[in-house]
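Would you mind keeping the following structure in view while I ask a few things?
All chains are identified by letter, namely A, B, C and D, in their written order; residue positions are counted from 1 within each chain.
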Amino acid sequence: MYLARYATAAVAASTILGLLSVTAVYAVPKTNLLSQWDNGSDAAAIAKLGEMFTAAGGKWESTSIAGHTANTLAKLRADVVSGNLPPAVQLKGPEIAEWDATGMTLSLDEIARKENWDGVVAPELLSVMKPKGSWVAVPMNIHRINWMWASKIVLDKVGIKEMPKTWAEFNADAEKVKAAGIIPIAHGSADWTDATTFEIVVYGMDIDLFRKAFIEGNTDAMRSPQMVAAFEQYRKMVKWMDPGIAGRAWDAAANMMLTGQAAFFFMGDWSIGTFNAGGFKEGVDYLCGQAPADNGKPGFILNSDSVVFFKQKDADYLAGSKLLAHLIMTKEFQTIFNQAKGSIPARLDVDLSKGFNPCQQKSQQDLGESIKAGTLVRSFAHNMTILQKYRGAAMEVITEFVNTPNLAANDAANRMAEAVEAQQ
Amino acid sequence: MASLTIRNLNKTFGSVAVLKGIDLEVETGEFVVLVGPSGCGKSTLLAMIAGLESVSAGEIRIGERIVNGVAPKDRDIAMVFQSYALYPTMTVRANITFGMESRGVPKQAQAEALARVAALLQIQGLLDRKPSQLSGGQRQRVAMGRALVRDPALFLFDEPLSNLDAKLRVEMRTEIKKLYQRLGQTTIYVTHDQVEAMTLASRIAVMHQGRLQQFAEPRTVYDRPANMFVAGFIGSPPMNFLPAQISASGPAVLVLEESEGQGTRLPLPDDVAQSAGDGRRVLLGIRPENLTRYDHRWADEKPCLGTIKAPVEIVEPTGAETMAVVRIGSREVIARYEPDAAPAIGETVTLAVDMAKACLFDPATEMLI
Amino acid sequence: MAEAAGYDPLGAAGTWRHQRAKLVVYTLLCLFALYYVLPLGVVILNSFRDLPDINRNGLIGLPHSFSLNYWSLAWDKFCVGGTCAGIEPFFFNSVSMVVPATIISTAVGAVNGYVLAKWRFTGSEVLFGLMTLGVFMPGQMVLLPWARVLGWLGLTNTTSGLVLIHCVQGLSFTTLFCRNYYVNIPDDLIKAARIDGAGFWRIFRKIVLPLSPPILIVTVIWQFTNIWNEFLFAVIFSSGTHQPITAALIALSAGGTSVHQYNVESAAVLIAALPPLLVYVFGGRYFLRGLTQGALK
Amino acid sequence: MAVEPVTLTSVKAAPNHGRMLRERLATILPQLVLAPSLFATLIYVFVFCGWTIWISLSNSSLLPDYSISGFHHYVELWSNRRWTIAYTNLFLFTSLYVIGATAIGLLLAILIDQRVRAEALWRTIYLYPLAVSFVVTGTVWRWLLSPSTGVERVVHQLGWASFKFDWLVQREMAIYTVVITGIWQASGFVMALFLAGLRSIDPDLVKAAQIDGASMPRIYRRIILPAIGPIFISVLVVLLQFAIKTFDLVIALTGGGPGIATTVPAIYVYDLMFQRGQMAEGAAAAIMILLALSLVLVPYTIWKNWRERREAARG
């Protein structure tokens, strides 16, 4: 009797211990992704990532914060100050380096080596994702900024056969459109949209100026005659916009182009998501082309969304971070995510022939050519180059220029240089 | 029931002294009225007896117990407020039983006490009403009921009748008197109305500027006021004051300083003159009812009668009596007339002064001589 | 009738002038009403229109199409805030935050007001002054200190943390409202109750609380709508599936890099605004009464 | 006889001890009850303010850093164009908003006070904006005020092609659209406050003035408005603190644009502290907001104290 009882107890105990050790070894991967993709198609794309995570046996949670990027960053800061590092956060450009410098980020070198990320990710992204030589961020996509979209209806009506290749051609075409009583450029003014269009102008006019001013943050370049010339070109373009730009959402501006109220529209490739959702077709309703570049070379302004992982005490979250990093880099996710968002995969080895929009295919092709031509740059307007404080100061001047008709190009250039210098 | 003893009680708010050295001994079963003009400290004194204000110095005893630091609820007192302080959200019933409920009195006992008080005050029909549905007089009764329902050591009344109209006030005054005569509880009653004080009190404590001026039976306070303040405060219309000088050469007389001609001479009881001293300057205090139309028949009845001639300036009939304001020297003096014998304005009348009832005050100290 | 007690400013004038004056009054009232109702009207109409209608005829216009479908889409299908379950989960997150925060801050405010109005002690007026300073703190400034405090208390990213924040930030208001109201309760009532043997809490429960409904309604309306609509803390101090409704609201109103479905978004916005709107519509009368009786003096 | 006092004291002594403690507790109970809220509020107000002052004097950038580096962030702040625009906007917006909301609120209160029919309906209509988040109403107002989607477009469609209402996109005028929207939201609340005041006026006062032959406008100007004087002060203080804290309205309506024309200090603080990683300068800006607040609060407190003392003196 005694013995039997003892045996039963022992068996029970060892079973429980066994179970415990099993759970300890096989942690349930957990994560909570903090991002600003909060709405509509963006949210759907992130929800897809969540499904993949769950399917791989993880416990998925996401926190999406809208509006101002400041909200996401405020949330990140609040979490850090409260001592609860978030496991995964959508961060980009120089912010990756800044947060990496705090020593709170999680190194992903092990998994990167195993999956050969260095071999498949676009080279221009490597320095961003590995600020100190160690992988701390996972790129989700490559956005192209220097797109020019045009309304097929308007071009046909006005008789423009080909997308303009240089700014001179563009200016001539815009005049034609204007003469036909149609708004030449659809635009919605906000600091980031104004800066997006302006960086396209600067890039198209003088790629060296772009590098000096917007990548190195050189203030002499900002007040140079070339920059003044770029502002002058921009002033012309602002005059070709309608008076209702202030406060207009960018997608409302896209709609003006799509419905033939306006001819051209400068915006990154996330517009494709909007075009698709509205049922508009490339070649029928709209055309896509590289924004004008006076050097005649293929060019590419790149923006990339990425996820940074922070150190965690909980083994479940560590496992989750590894799983999430792995999933983001899979071809499957890169395909699904980018088909929804209009961008192209951050991996160069994904086949875009199926399920991608023709413009996206062109984007991938141009990326390759641009790398060859040495014209690939990262986007200043989308926070891939200089620190937020310099970028913010410069963008303020650009958006002020757009909204102040009597602000001279020369003054704007000087003001931009001064604003950035004030932050140094 | 208990006595109340107050010794050298002081109260200061910041640097302001509100009560200065109050001594008061109230015997068991006495009805003491604290009376005085507003701001004299009487309500503060009552609040201190109730425990609603702290004691700055001195001591308060209820019965044998010093209650200085005792919470109001443990002092075994009941209080009726000027505003009645009926709980507006409770019915009359709940208002009356609230105190017993707070003290955990059994329901049965509560009901009995309620029935007793309701019958006593004849408010049986009002028990389920809210205070807002009661008239002023009914509210007053309920407020009394709330106090009467217990059998406290001490009843405290804080100007309970001042919110009632004149007629009701007189009625309720009588009611309170009846109740007291029936229950015989030790009661402290604050009022600024000297008529209430006179009618209700077994003893009156007159207060002024934080000091107790006089503490005595109503009759004494009226007839022999301790000082000019009490003399002026108690009695309506108030006592008249006339400057005068004592002359003890021959039969003692008082010479008015400011009368027509070379000074009217009024007879003075010898003992008064002697105790005051010859040639002393005094203030003559004489109540209006002791200053009236001269009648020859009185010469025999009233041994100490003087006369003054004065012109009438104003005549005020009040119904039962008529007041005549006459001028003596620079002073206006009020005399009392029977309505059918009232003088005419402008007439110079001869007034009889009943010097047996006169009070003499020291002009410097204002104290009764 | 309450009106009978009031005065009739126009009553004394002649009939013709009276009529003309009435006309002016109602015209003005209607004009202002238009100014006030317009935004709400636009959103309500849009919540029933289909997308082509909105895109073709603009955001402002009478419906050429009508469907109730968008309301149900908005409630539990629309993709917002990283999930595609509509705003329903956000809605209930908000409820579970707003209800306790409102009740606690009102209750504590009432007790504080009771102490500060009826149990004054040396320095209590100064303390009251200091407490009301909390009304003026800008939200952006206190964000990080709050993060630190929540970290210490272990309440980061929890509903309890948000409840705590809203309670502390609301205390200044609730205390101010209640104290100013309770000051008008006669001191004699409290004294009478003390002589009747009631203590601190019994007086509060039996005497003060039954007199409080007007001010409690003001406080509850104020707290409820403010906490429901507050977005900075709601967004920063919540996480994952605990985000309150304002997090979803910003997602709806902000541009973002995705496509606007104005009809569903309008419906979502209306659902999100419904609780405070209802509170105002049904509590408005009491709100005014509470204000009249001394909430703000 | 000799035994009795002994038993009395021995019986009384034991409960006396507990009783004394209980009574002590009872006397400080109000303070005890107040203490937790007081503690929380004082931390909230003073410690949080102190923390911000400290940060503004430090070198904090991405995250708080507690080494003091002096006042240079304040100097930088005032040399920043955007900040001077924000501060100027604050004063422009605040004064127009306070005046406008007070005037409209008062007018509405007076109109409603004319014994109108369906009073509750009018009140609800005017009061509801306060119930809805600015995140929502700001967006809708943007639609309404934007020339391409809003009022201007509708009027054009109705056939008046030259009609212009494009303040939202005019650099100099955009701040006034913020004022319009702000007034829209707050004036209903102001109306409620004034209405409460008007209702508390003794009707005899107005009757007396009517008998004296005063016209209605004159009665309002000379009798009623002076009688509700204290309400004006309450309204001013409430509106001022709303105005100075303005944040979500501007974010939703103009995003601080066109350009940076409608930036306000609260947005500036938020941008610097959270988006740009310039925490110290952001904290300095927050302190400047507090200073602007104290410009309002200090005179108000002095006035209030003076009034209370005067009332106390009158007894």
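We adopt the following convention: a contact is a pair of C-beta atoms (placed from the backbone, for glycine too) under 8 Å apart; a residue touches a chain by one contact, two chains touch by 3 or more.
Here the structure is a predicted model, which is why all the values come from computation and not from measurement.
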{"item": "Set of chains whose contacts include both chain D and chain A", "value": "C"}
{"item": "Most distant chain from chain A, judged by the mean position of its C-alpha atoms", "value": "B"}
{"item": "Two chains sharing the most C-beta contacts", "value": "C-D"}
{"item": "Separation of mean Cα positions, chain D and chain C [Å, integer]", "value": "14"}
{"item": "Centre-to-centre distance between chain C and chain A (centres being mean Cα positions), rounded to whole Å", "value": "38"}
{"item": "Intercentroid distance (Cα basis), chain D paired with chain B, Å", "value": "54"}
{"item": "Chain A residues counted as touching two or more neighbouring chains", "value": "67-68, 71, 74, 77, 81, 190, 252"}
{"item": "Set of chain B residues in contact with two or more other chains", "value": "71"}
{"item": "For chain C, residues contacting two or more additional chains", "value": "143-144, 146, 199, 250, 253"}
{"item": "Of all residues in chain C, those that touch chain B in their complex", "value": "186, 188-189, 191-199, 202, 206-207, 210-211"}
{"item": "Chain B - residues contacting chain C, complex", "value": "47, 50-52, 71-73, 77-79, 81-85, 87-90, 98-99, 102-103, 146"}
{"item": "Chain C - residues contacting chain A, complex", "value": "55, 79-84, 143-144, 146-148, 150-151, 156-157, 235-241, 243, 247, 250-261"}
{"item": "Residue ranges of chain A in contact with chain C within the complex", "value": "32-44, 46-47, 50, 61-68, 71, 74-75, 77-79, 81-84, 86, 190, 249-252, 255, 259, 270, 273-274, 277-278, 341"}
{"item": "Residues on chain D engaged by chain C in the complex (per definition of touch)", "value": "26, 29-31, 33-34, 37-38, 40-45, 47-49, 51-52, 55, 64, 104, 107-108, 111-116, 120, 122-141, 143-144, 149-151, 153-154, 157, 184, 188, 192-193, 195-196, 199-200, 203, 206-207, 210, 216, 219, 230-231, 234, 238, 241, 244-245, 247-248, 252, 266, 269-270, 273-274, 282-283, 286, 289-290, 293, 297, 301"}
